[in-house]
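Think of it as A, B, C and D in the order they're written, each chain with its own count starting at 1.
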Amino acid sequence: MKILYFAWLRERVGRGEEDVTLPSDISTVGQLVTWLRGRSAGHEAAFAQGRLVRCAVNQDFATPDATVTDRDEVAFFPPVTGG
Amino acid sequence: MKILYFAWLRERVGRGEEDVTLPSDISTVGQLVTWLRGRSAGHEAAFAQGRLVRCAVNQDFATPDATVTDRDEVAFFPPVTGG
Amino acid sequence: MARIVVQTEDFDTGAELARLTAGRLDVGGIGSFIGIVRDTAHGNPITAMTLEHYPGMTERAMTRIAEAAEARFGLLGCTLIHRVGPLSPGENIVLVLAAAPHRQAALDGTAFLIDWLKTRAPFWKKERFADGAQGWVDAREADDAAAARWGAL
Amino acid sequence: MARIVVQTEDFDTGAELARLTAGRLDVGGIGSFIGIVRDTAHGNPITAMTLEHYPGMTERAMTRIAEAAEARFGLLGCTLIHRVGPLSPGENIVLVLAAAPHRQAALDGTAFLIDWLKTRAPFWKKERFADGAQGWVDAREADDAAAARWGAL
């Protein structure tokens, strides 16, 4: 699975992109976040303010209950501030 | 007094501007209109649709009860359609 | 400091934008409206339009509208350019620009300016149709209603 | 037929207006919004801004917003250009153009486009302050409220 991070999530994780192999017991965005938080102190810091983390699955906004598979592109980022 | 006409009022009166000497018993826009209507068939045609005639005294919108004097510039025109 | 212009020639929107923001860094948003001559009116083909106005009162009314918009929405500047004389379909009629620190004031200022311009500035349009007929454009009640939602000018 | 562009270089509003109306005579009004980098944020001087985005999703989100606006307001066309990368105060950030037969649709379409662009398109702004500090711009609840008044996208 391809994971992308943007803005301050990217800075806290320390990278903009990583490829992970999804454990078989993970099937939702919420479960994925819990699992990612354990990967490093940076990941933990990135996801600590859960209220400010947004997710997209295959480039569409997704909620914590959205399903994910190993073939998905999943991105995490703060609320958008363009325009 | 300088009287100006615009758009179809101008076309019906047959001129865009005229100088008139105000009779002493005329002191409001409404009285002026009644008096102007008697000046020609064109004037009568111009003011016949009273609901569609707007007035400005010295370049500010004015209502029929507004006072006028011989020194004023008074304009009559249809509802505006710019923009 | 509103820029108010009545002219027969076309305007250059890019140049007007540059002029509005020249030398200042406090503008966060510019709202704009451009009115253009369409080639039909109520389904009838139009070949030309002529705009008549009341010189003197026009600039006076436009200045009053601009000052009201600047005060009400805290605009940093605005531009109102209205063309007069003969125009063809596809040609620009009017340009409204409203500069503000933030977007909502810029957008609201733009709507306010064009709504009042359409109902309080002494311009009149005459259309020439493809069959040779000519007619003065009727004022639309919808325009009065649009302006009225801003209260009195 | 929306024109959607994400680019580092500046845009030419005059050229974009010409492009939007090229070859057509059914446009009666164009609404526009231009967003510009201000030199302060919450009273603190800013020396630079950097815009990051999510390539792919950005264009996808912008296309969806544009299609929603065209359908809802009967737009004849619209243009969304958003810059990314480093920007200085006074530089353009975003251009929204909405063309319609009449003014209200053009103005409403413009507001709809910028409101949703600000809340649904994956761009993030980082500001550098005069004292050297840097920080990501916080999303504003007012922006969510502005978009929400249009209902769901």
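The criterion applied here is as follows: a residue touches a chain if its C-beta (ideal position, glycine included) is under 8 Å from a C-beta of that chain, and two chains touch if they have at least 3 such contacts.
The shown structure was predicted, so the numbers you read here are calculated from the model rather than taken from an experiment.
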item: Labels of chains that are neighbours to chain B and to chain D; value: C
item: Touching both chain A and chain D (chains); value: none
item: Farthest chain relative to chain D (centres taken as mean CA coordinates); value: B
item: Rounded Å distance between chain A and chain B, as computed from the means of their C-alpha atoms; value: 72
item: Centroid distance [mean C-alpha coordinates] between chain D and chain C, Å; value: 23
item: Chain A and chain C: spacing of chain centres that average the CA atoms, whole Å; value: 48
item: Centroid distance [mean C-alpha coordinates] between chain C and chain B, Å; value: 26
item: Overlap residues in chain D, where contacts from two or more other chains coincide; value: 35, 103, 114, 118
item: Sites on chain B at which at least two other chains make contact; value: 83
item: Pairs of chains in contact (touch as defined earlier), listed by label; value: A-D, B-C, C-D
item: Touching residues (chain side chain D, partner chain C) in the complex; value: 12-15, 17, 21, 24-36, 38-40, 89-90, 101, 103-104, 106-107, 110-111, 114, 118, 146
item: Chain D residues within the chain A interface of the complex; value: 35, 51-54, 56-57, 60-61, 82, 93-94, 114, 117-126, 136-139, 143
item: Complex contact set, residues of chain A against chain D; value: 4, 6-8, 56, 59-61, 75, 77-83
